[in-house]
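In the two assemblies presented below, chain A is common to both, partnered first by chain B and then by chain C.
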Partner chain A sequence: MQTKITFPHAGEYYVVFKDLFTNLGYEVVVPPSTSQKTLDIGIKLAPAQACLPFKITLGNLVQGIEKGANLVGMIGGKTGICRLAYYSDMYQKILADNGYPVELLAVKAKKEFWLSVKKHHPTLTLRQFMQTIRDFWRKLVIFELIREKSLAIRPYEINRGDSTRMKGRFLRQLEQTTNATELKALKQEIIQGFAAIPIDKERKIIKLGLVGEFFLLIDQFSTLNMEEFLGNNGVLLKYSLSFSEFFVGSLKQKRFLDNYLPTHNNQVYKYAQKYITRPIGGHGRESVGEAIVFKQKGYDGVIHLYPFSCMPEVVASSIVPRVSADWGIPILSICLDEHTGEAGFQTRLEAFTDMIKRKKYPFIAEDE
Partner chain B sequence: MGNGKNKELLAAKIIGIPRGLSYYLDNFSWEEFFEILGYRVEYSEDSSAETFAAGNQLAGSEQCFPVKVYYGHVVSLLQKTTNLFIPQYTSLEQGTYCCPKVIGLPQLIKNTIPQEFNLLTAEIDLGREKFTKGNILSLARQLTWNPLRISRALTYFGQNSKRLPSKIPEGEKFVGPSRDQGKNGLIGVVAHQYALQDSLLNMGIMNRLGEYGFAYVTSEHYPRPESPANPGYFNRRAPHWDFGQNILHAVQGMLLDKDIRGIIFITYFGCGIDAFLEEIFKDQVCDQKPYLGLTLDEHSGEAGLMTRIEAFLDMMIRKEGKNRHAD
Partner chain C sequence: MNQYYVGVDVGSVSTNIVLLDSKDNQKLSEALYIRTKGQPMESLREGFKILQDKGYSSEDILGVGVTGSARVLIGHIIGADSIKNEITAHAVAAINRYPQVKTVIEIGGQDSKMIILREGVVVDFAMNTICAAGTGSFLDQQAFRLNIPIEEFGEFALRTVEPVRIAGRCTVFAETDMVHKQQEGATKEQIVAGLCEALVRNYLNNVAKGKSIEEPVLFQGGVAFNQGIKNAFEKELGVQLVIPDHFNVMGALGSAILAKEAIHETNKPTLFKGFEIMQRNHLLKRVECRDCSNACELTEVTVAGEIVAKWGDRCGKWQK
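Let's turn to the complex of A and B:
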């Protein structure tokens, strides 16, 4: 039987994952973009107190399976402290109970991934596999470049929507690009493309860092398109986490380096040490540490996002006020769930950004 | 730090231990441990409505009910002493973890309570013996300079901090014909340890069962044998939480136990672990035995809760054909 694979959308990252699975020899079924319908399916099937990422990804999977998939690629492993480590088993149970019996494929930087792919495609050699992973990595890096550039340009753009359009264009291009030479050319094109957007360098903007739960930082649906809303309001955003970090974060070698060398994560852990001494699951410790690192880098404030009932982030969110007071960082902790209304959410964001703007540019009247 | 130079501590000689969450995980007495080191232990009082009210003001609004009550215990202890001991339980056996809130508990309390106090803590990972011993050693060194006391305390810890016994002692074995079945039957109550033992947290459900003529067995009476392969956990991979494994193991034991008529599962709003666990066992339990899942929080009204329990118990009595309460 031909294995057709589907996977959670995870924001726009599907572009990269689609490629990975295609190159590994799977037929790929990309689920429809995350929508209210996706969430409704998730809410219906998932336990009431499951976290928002679980509900959204479950909805994605069901929609993918309805389109004909019989294999589920799940990003993330079976290790860790938070509920993510048990996601795959919950998917399996819930999907089977509701008449979607599927297999699971854990996608992570570990040997198991290779072994399970090998089982599906016995002819695949390790060399080919490693090449695929390398290509995947290259694409991931380009993807994140596009994302970062659009975030950096958006608050300055003169014609609203330029960077969003540019981002969409490059993402489509990236989807079609396959070989390394083209990717290199694309990279140049991206840098030039974003540089060509007319900008107003004089604009008074503020810089905010985003910390918190991983899924909310990559998925624009669950944060109600916050990225664009804030960008258009003159906020330069920077994410503390990206998929590439998440992917290599599980490597033992990386963890070893972080413990002994002054890498970025080493800094984060050092700052977090006073507040959270050891990993508490998810990105609880990172949320606290990254907030301080953002402050050190000269950011004006930090937004901390977490889904309702996320265990590690609830601990972090309780500690965040103390961090805020100790280091003088304005931090806005926002808890999101399926009931979060767009207007209320945007009001809170606006109030927070306005407050920081007034503080940073005291004598300047609002220009709009 | 180290070698008993912590002057303030030495002056007070009293260490407070809040009675909540991790307190119920200790299967040996910290009191004796600290006595060997030359300190007196002061426990907080039983939880009451005031405990919760005090804790609720400090705890974050999204924390679960047991954590809020724990804050209350801390606040009441801080009136007596400024030395608090909060053990940092990270894992009770190899490859499993406690709930993230329990893991982060000492730092959570330290960084959210405005009052200054000495936090004594030691990371306890029973799966990693050497590591734990090292942490206990540095804890003991903070408290005294006397090497004899330190070594005695370490020996005490080493002998007593073992994980649950591999075999259930005869006396504690509940499976057997001789146990008390109550007037109407035996009910299994499944919950986290702290919920079973703290009557504020379980809202006196156990007493109510007795009043109604039911005897009960709690999930504590189903300690997990050490071999992880033993129970199938409903044919699922064992969850990586200690609490989760305990609960699944107990539910499974209760399902096989013919004496147990029905199962009550107590959980708290916002408990991430239980949200997933209930999904695993719920449909199988419902197929076999009467099941009542209760999600409690600080807003749970006593009357509403008791109505639900009474309805559940009445239903069970009727099912047995013994309609004693109808007349």
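Let's turn to the complex of A and C:
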């Protein structure tokens, strides 16, 4: 039987993952964009206590399977010390219980991934495999460049929506790009394209860092398009974690180095040390440390996002007020769940940005 | 000839409108408090009608600010110069009334907030999460159940020195507790006082969450009318609460000041469409934009077949 693979949408990252699986020889079924319907499926099938990312990704998978997929690509597999480690088993069981018996492919920076792919495609050589990974990596880096550029330009843009449209255009282009030469050309085009957007350099903007649970940092559906909402309100956003860093961070060698060399993560752990001395699963320790790193880099505030019932981030969220007081950085902790209303969410974000803006640019508050 | 800035706060329980004198930030020429009764448009129409009847003309309005849960809808319909969240509006109003304020406790119909200020700048804030147990709506309901007019609720609480203990964590449990205590022979007064204490405990646990409450503390929002709650807060915190003279329209006052700021900042004439706009019949419709794959859901407002406002788009092209 031909293996058709599907995988969670993970924001717009599907563009790169689609390519990875195609090049590994799979037929790819991209699930429809995450929508309310996706979430509804997830809510119906998942245990009530499961977190929002689980429900959304489960919904993605079901929608992919309904389109004909019989193999599921899962980031992480059975690793990690939060509930993520159970997710692959839970997907499999829940999907089977509901009449979708599928196989699972754990996508991670480990030998296990190569062995599973090899089982599906016996003719694939290690050389080809490594090349595919390299190509995937190149594309991932370009993807993240597009994302970063749009975040950096949006608060300054004169014509609202310019950077969003530009991002959409380049993502479609990236989807079509196959070889390294084209990719290089695209990179130049991206840099020039974003530089050509008319901007108002004088605008009074603020810089906010985003920390928290990984899926919420990459998926715009679960955060109700926060990226655009804040960008349009004059906020320059920076994520503490991207997919490439997620992968690199999962390498044993990298983790070993972080313990001894002054790498970024080493700094993060050092700052977090006073509050959390050891890994607590997910990115709980990182959330605390990254918030302080943002402060050191001169950011005006930090937004901490976490899904309801996420253990590591719940721990982090109870530490956050102390970090905020100790380091004098405003931190807004937001808990997201399936019932999060847009209005309440935006009220908090707006109040938070107003608070920082009025502090940073006090002359706005003056009357005459 | 006097000129004014209008502040409108359209909340779940009340719709408040103030007219702020353009020359004097301390002078409120009008302050209206109207029950929303689930119909924000209706209540605003009523409010504007009252202002017109009192002889205010749209030409004297220099700017309009809107806040409250229906702010986006109302803001687009009447043409607001500033559409801001309640926290900012309440903080601005509090600073206006008491420049030295350090803590603001605001309890409204559906939400409760705490704002921490230092030297006239907001440094921290908190809002209640999903639960409504610590808000005015809860008191409203219980008053109805006990058959006490909400206006007299606070007085009832003051008539006893021995409140009964009621679980304040959740509305449903509180109600169960109340029924139980009634059956055990507690008086209405004791129950009301117990409810006030429960609401205060709930607020301190769910909203304040250990934030340092420093004096002067301002208590605003519709619930500040309730003496029972004020006493319960003072007993629990050991500090004096100051209730500003316009405690129930502070949100509206704040948005009037924000409108003034916005007008000064942009140096443009007001976008206000006049008090008359509310006399016309507004038709609201949800439509889907098909111009790109985002498929944004738009809100469209039509008056006599003509589209007067459209918003909800991510790219901003309909909002001009």
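Here, the second predicted complex is superposed on the first by the 364 of 368 C-alpha atoms of A that agree within 3 Å, B and C clash if a C-alpha of one lies under 4 Å from a C-alpha of the other, contacts with A are read in each partner's own complex, and residues count from 1 in each chain.
Rule of thumb we're sticking to: contacts are C-beta pairs under 8 Å (C-beta built on N, C-alpha and C of every residue); 3 or more make two chains touch, one makes a residue touch a chain.
Remember, predicted model here, so these are calculated numbers, not experimental data.
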| item | value |
| --- | --- |
| Side-by-side fit of chain B and chain C on chain A, or clash | fit |
| First, second, both or neither for A:Arg255, with chain B first and chain C second | neither |
| Touched partner set for A:Cys51, first chain B, second chain C, both or neither | first |
| Superposition-derived comparison: chain B or chain C, residues of chain A touched | B |
| Which of chain B and chain C A:Asp89 touches, first, second, both or neither | first |
| Contacts of A:Arg160 with chain B and chain C, given as first, second, both or neither | second |
| Chain B, chain C and vertex chain A (Cα centres) - angle in steps of 10° | 80 |
| Which superposed partner A:Ala351 touches (first chain B, second chain C, both, neither) | second |
| Chain B versus chain C as contact partner of A:Met311, first or second or both or neither | first |
| Partner chain(s) touched by A:Asn232 [first = chain B, second = chain C, both, neither] | second |
| Minimum distance between Cα atoms of chain B and chain C in the superposition (Å) | 6 |
| Common interface positions of chain A, toward chain B and toward chain C | 321, 335 |
| For the chain A and chain C complex, residues of the former touching the latter | 160-161, 164-165, 168, 225, 228, 232, 321, 324, 330, 335, 339, 343-344, 346-348, 350-352, 354-355, 358-359, 362, 364-365, 367-368 |
| Sites on chain B touched by chain A in the complex | 59-60, 62-63, 88, 90, 97, 99-101, 103-104, 107-108, 111-112, 123, 236-237, 239-240, 269-276, 278-280, 283 |
| Sites on chain C touched by chain A in the complex | 25, 69, 84-88, 91-92, 120-125, 127, 129-130, 209-210, 257, 260-261, 264-265, 292, 314-317 |
| Of all residues in chain A, those that touch chain B in their complex | 47-51, 78-83, 85-86, 89-90, 93-94, 97, 275-278, 280-282, 284, 308-312, 314-315, 317-319, 321-322, 335 |
